[in-house]
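Below, subunit A partners subunit B and then partners subunit C, in two separate complexes.
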Partner chain A sequence: MGHHSNWPEWLYVGVIIALMVWVGAEAWNVERLVEHVPADAEVIIVTAQQWFWSFEHEDGTKEIGTLHVEAGKAYKFEIISKDVNHSFNIHDYVVLMDAVPGRVNTVWFAPDKAGEHDIQCREYCGLLHYNMRGKLIVEEPSR
Partner chain B sequence: MRNLLGLFLVLAILVVIPSVDHVFAQADEPAKYIDRRVLIWNLFFKLMTVAFTVGAVVSGTLIWIVWRFRETHPQAKPTEYEKSDTWGGPA
Partner chain C sequence: MTLELQKPRPIWQIMFSTHHTDIGLLYLILSIAFLFLGGVLALIIRAELFFPGPQIIADSMTFNRIFTVHGTTLIFLFILPSASAVGNYFVPIMIRYKDMAYPKLNAIAFWMIPPGGALVWLGFADFTWYATPPYSIISAPGPAADMWIFGLKILGISSVLGAINFIVTIMKCKHPDMSMGQIPLLAWSFLVSSMIIVVAIPTFAAALLMLLTDRLGVSGFFNPAMGGDPIAYQHLFWFTFHPEVYVLVIPAIGMMYEIIPRFSRKPIFSKSSGIFAFVLLAVVSFSSWAHHMYASGMSFTEKTVFMVGTLAAVPASGMHVFNFIATMWNGRIKFLTPMMWSIGGIALFFSAGAGGVANAAMPLDFTTHDTYWVVGHFHLFVMGTIAFGTIGFIYYMFPYVTGRMYNETMGKVHFILSFIGAILVFFTQHMLGLLGMPRRIFDYPEIPSWIIGNQIASVGAMIIGVSMVIFLYNLIYSSAKGKPADIHDPFGLGGTYYYPFEAKTPHHN
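Then we have the complex of A and B:
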């Protein structure tokens, strides 16, 4: 082979490295923002068991199947399971976290406006998995 | 080599440094409530844009190479082997 320029190859390698750095930085940043729980987030203990969800608020209020929260506030879910693996999902708010026996997994979110949303199990957990649903009711802020 | 260094310097100035700067600048802002839907969708959109752009360039290059260097291309030059019509074995 005679002389030929390597220039395009190196340009391509450089562009790809630059793009990967950019994409990596963006992904790292989003991960950091999503995992940063606000200090004022209210803790809600979410218990998964075949085949329903139960919730316990900070003030001790308990709910089964339906969770009431307020718009404009941040909530941190501490998710546990009493039997098998489940996965806590509020599809409309892109909340998804596994419930694993013996572990406390956390995820947080801040609903921005009043409304009703579905909660569902996203990890096959037995016969009635398909019906392991709940309701998230976001209410207007109380103050 | 100097050209190469120059190229990487230009890329660093254009892309790498602004990306890193962008990330660290955001760390200084007070963490107010974020909208996961928006953040995650935006990230997905950016990743897809990069993936499809690179995919289009790579597949476009491959298609062009196959088209340009086919035997029947008007400007195709036969290789040494094709010229001599010896394909590895004794003539």
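Then we have the complex of A and C:
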């Protein structure tokens, strides 16, 4: 506690606070937009269990391990778990949501072009957690 | 005299002693032993991940057990005891009292750690260091999980007892002529981190008991099959363990506050801002726990609240960094081993904090959460900041403890290799996270960028491993055969030191 002036420290703290306010406001705004599910999104029920994924489309079609969707459409995933916690992840589309038994968590995405992407589990779920992988196949629009 | 190795005593005299420097020595030896045990597990993990496919470890269950015990060991059996070692040596001297306030309680707190550690190691549980239900209730095998729960229970009680002792020692036993503002920042860091422990740990203690009764099937707090909520456990766990991060990091910052001004031969730029930032960190440490749970299905409002709470910790951390740089500015810096570790620690602390801001921002967290990014991020804190600060301090107190000097060249080589290694491992792990590699996986698909990233990280880990062998050799060789230290000024810096070796006078031996 000397006799020097402290203004550089105040200035520095002020800059940090300003930066944090900017990061926070930007994050708040982006997250608000990202979480807004389009009204026409098709529902896909995602069921996680040790150690594979199964999917049920709105029309009742069921798939295991591989999920087929169409480019240009919006999809809303309703994620449930049959046993322990898992986390449904399509990294290429930044889709990530935990599958928690007893809860239905939702997340949505809209693939923009045809292609193949990895689906994986990102929450530790035991023996074969590392191998709880699936495939997302985005097809050209049918029309 | 406390020059332990120059004046040999029968080992039982140290083991059954209640003197603060003896207990400090016990803490020090135990924590260094567990640093190496936990480190070996890390090297096994990195070696396994060098190539995709199983090589060294036969099955994923063994791998899962290894990373669980690795994390538990280094947090509870290396970082916490090593901080207690430093606190035991220095806090009573800094507040000018003859011992800790409760010497016997101090010994009890230490002697609870070996059985706690033994339970964790003999059980070798597999449910990760955060034991999340329902996996830990319905899936985690056998006595291992229960032994982990009991081990953590014992370690938690030991932490609380130690924390109470530090708080009472500092608040009630400080010299009557000493004001709170005159207490050195290292002692302040123990006061603040002890207060966090006392507030935070009981929550986890309760959660552990609930977890145990859930496992026994007599309750269903966290078991959805019995109407419980697994998310409740996550809240209880992180309410303890986010503040715990600050429990771990604050003493390491305190150690840097002891080393940096001394080796810059300048007083601290602003002691009051250091104290203020410590207290501020302690308060905001309780406002950010659920940022670990953004992806668990939290509402937008909850996420916003915890993002703000998390970002609030940044200015306080930044004040410490500012204080360090401003202290070094225009100083006559002597780049000896302890100083190099402190400076390296500050650099990595800054990188860790910058990554933390990205994690806290909600949309970015969904890219990084539960990937290797997070592994790299928190290792920059626990290894890059906390272990670096602590290892630097171990070098700093080495002449006081042993009466001999460590080998300076080996100390510097240790630092340089560890620093390069840490950057190779943890920065690369950030990249792997952005590429999408999940945490806690035994094997990974043959994606070329993942393979290269893992190999760079593994090479970095091996470099750290080599540097730690040099460290161990330096510690053992120098404590027996090192040059006798000039005990009044071992680093040739001038000024007055806090002398642990003067603590033990014939009056109260």
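In this section, the second predicted complex is superposed on the first by the 125 of 143 C-alpha atoms of A that agree within 3 Å, B and C clash if a C-alpha of one lies under 4 Å from a C-alpha of the other, contacts with A are read in each partner's own complex, and residues count from 1 in each chain.
Just so we're on the same page, a contact is a pair of C-beta atoms (placed from the backbone, for glycine too) under 8 Å apart; a residue touches a chain by one contact, two chains touch by 3 or more.
Since the structure is predicted, the reported quantities are computational estimates derived from the model, not experimental observations.
Trainee: A:A74 contacts which: subunit B (first), subunit C (second), both, neither?
Mentor: In the superposition, A:A74 contacts subunit B only.
Trainee: For A:Y93 in the superposed arrangement: first (subunit B), second (subunit C), both or neither?
Mentor: Touch status of A:Y93: first partner only.
Trainee: Please indicate which partner A:T66 is in contact with in the superposed arrangement: first for subunit B, second for subunit C, both, or neither.
Mentor: Touch partners of A:T66: none, neither subunit B nor subunit C.
Trainee: Return first, second, both or neither, reflecting whether A:V34 touches subunit B, subunit C, both chains, or no partner chain.
Mentor: In the superposition, A:V34 contacts both subunit B and subunit C.
Trainee: A:L128 contacts which: subunit B (first), subunit C (second), both, neither?
Mentor: Only subunit C; A:L128 stays clear of subunit B.
Trainee: Which holds for A:V84: it touches subunit B only (first), subunit C only (second), both, or neither?
Mentor: After superposition on chain A, A:V84 lies in contact with subunit C alone.
Trainee: Is A:N105 contacted by the first partner subunit B, the second partner subunit C, both or neither?
Mentor: second
Trainee: Spot which of subunit B and subunit C makes contact with more residues of subunit A, would you?
Mentor: When the residues of subunit A touched by each partner are counted, C comes out ahead.
Trainee: Give one of first, second, both or neither to describe whether A:L11 is in contact with subunit B, with subunit C, with both, or with none.
Mentor: The first partner, subunit B, only.
Trainee: Let me test your reading of the model: by the given contact rule, A:D118 touches which partner, first (subunit B), second (subunit C), both or neither?
Mentor: second
Trainee: If you lay the two complexes on top of each other, which residues of subunit A touch subunit B in one and subunit C in the other?
Mentor: Comparing the two interfaces on subunit A, one with subunit B and one with subunit C, the shared residues are 12, 16-17, 23, 26-28, 30, 32, 34, 94-95.
Trainee: Which residues of subunit C touch subunit A in the complex?
Mentor: It comes out as residues 60-61, 64, 126-128, 132, 134-135, 138-140, 181, 224-225, 229-231, 267, 269-273, 295-297, 300, 303-304, 307-308, 311-312, 314-315, 318-319, 322-323, 326, 357, 360-364, 366-367, 369-371, 436, 438-445.
Trainee: Could you list, by residue number, the parts of subunit A that touch subunit C in their complex?
Mentor: It comes out as residues 1-2, 4, 6, 8-9, 12-13, 16-17, 20, 23-24, 26-28, 30-32, 34-35, 50, 83-85, 87, 89, 91-92, 94-98, 100-103, 105, 118, 120-131, 133.
Trainee: Using the touch rule from the top, collect the residues of subunit B that touch subunit A in their complex.
Mentor: 3-4, 7-8, 11-12, 14-16, 19-20, 22-23, 26-27, 31-37, 39-40, 42-43, 46-47, 50, 54, 57
Trainee: Taking the touch rule as given, give the residues of subunit A at its contact with subunit B in the complex, in rising order.
Mentor: 7, 10-12, 14-19, 21-23, 25-30, 32-34, 36, 38, 74, 93-95, 109-110, 112
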